[in-house]
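Labels for the chains are A, B, C and D, by order of writing; each one numbers its residues from 1.
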Amino acid sequence: MADERTTSIVRRLKSVEGHVRGIERMVEEGAYCVDVVNQILAVQRALKKVSAAVLDHHLHSCVTHAVRGSDDAAKERVLRELMEVFEATGKA
Amino acid sequence: MADERTTSIVRRLKSVEGHVRGIERMVEEGAYCVDVVNQILAVQRALKKVSAAVLDHHLHSCVTHAVRGSDDAAKERVLRELMEVFEATGKA
Amino acid sequence: MADERTTSIVRRLKSVEGHVRGIERMVEEGAYCVDVVNQILAVQRALKKVSAAVLDHHLHSCVTHAVRGSDDAAKERVLRELMEVFEATGKA
Amino acid sequence: MADERTTSIVRRLKSVEGHVRGIERMVEEGAYCVDVVNQILAVQRALKKVSAAVLDHHLHSCVTHAVRGSDDAAKERVLRELMEVFEATGKA
């Protein structure tokens, strides 16, 4: 991935990491269960956005490249991977 | 939460934290987008299991207590919170 | 379930049924794939709301009854079912 | 969509329709709430598979065509639509 994009994605992952660390403290300090679950849901939403950013880049780079190329097997592999990500997404 | 349970949940959150740190390195080292997305999906599944453990405890403690209690407003609040968690779960 | 609630849930399911029938026609008439997928997503959101209504009733009836009762096995079964529904929800 | 594919997707949607009709009867006959919710979850899984089949076809037809074409705006629109479907999927 391009440098700027890499930096932005790493920054968001570091923020997720900090958020998870905060949840650990909440649990240690005996926070209310529902508050813990809601913070975990917030982390999951943040991760979903990181996934979307990575996937958006993927569509504009690897997928575009493979679909335009003359290697049919490479194109098929890239489209199959997209389908697998799509199918796994609703289940995570 | 009981000490043993707390320890187990914190341990799992620390493992999630380490997993996220590993994804940061993957991104910095230019890993393939689909591999990054799949690792993020794995973290989301792990977080879902932590949520389930916290919620299971919640059902057996606060929810049981509130439903058995004589304070109807407290019971309603606890059931409404459960519904909110349920509705947010499929959307995270 | 109480009569009024039953009627309301059946009405919403009939609306879902009609929506699905509309999607069949869209597909037969060669509608754009993304429009078809978006209509399927709308049906899934409608079903999620029906589930929530059924579950909300369940919490106020069976779950409340079992948690207040003296049969510990029945209480455990009801809470385990809730956890199973919660875990399946994010995966459907 | 090609005829055979159309037929297969319409058949699967008709099966979903029948499944929903069955759930209406369950509700009318006073079935256990958790059984109703589980049947709704099964319908949602079936719809997810129909979406996947439609999307797979879309990738191999419209997306491939737009990405290979010389109209950059059309390509961007198709990729943006894919991202919107991806983002809506986890939330349905």
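The definition used in the following text is that a residue touches a chain if its C-beta (ideal position, glycine included) is under 8 Å from a C-beta of that chain, and two chains touch if they have at least 3 such contacts.
As the structure is a computational prediction, the values presented were derived from the model and not from experiment.
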item	value
Residue-number overlap at the chain B/chain C interface, same or different (half cut)	same
Length of the line joining the C-alpha centres of chain A and chain B, rounded to whole Å	17
Length of the line joining the C-alpha centres of chain B and chain D, rounded to whole Å	28
CA centroid of chain B to CA centroid of chain C, Å	22
Residue numbers of chain B (touch at least two other chains)	48, 55, 85, 89-90, 92
Chain-level touch network, classified as line, ring, star, complete or other	complete
Chain B contact footprint on chain C (complex, rising order)	48, 52, 55-56, 59-60, 63-64, 67-68, 75, 79, 82-83, 85-87, 89-90, 92
Residue numbers on chain B that touch chain D, as the complex places them	90-92
Chain D residues touching chain C - in the complex, by the definition given at the top	1, 6, 9-10, 13-14, 16-17, 20-21, 23-24, 27-28, 30, 32-34, 36-38, 40-41, 43-45, 47-48, 50-51, 54-55, 57-58, 61-62, 81, 85, 88-89, 92
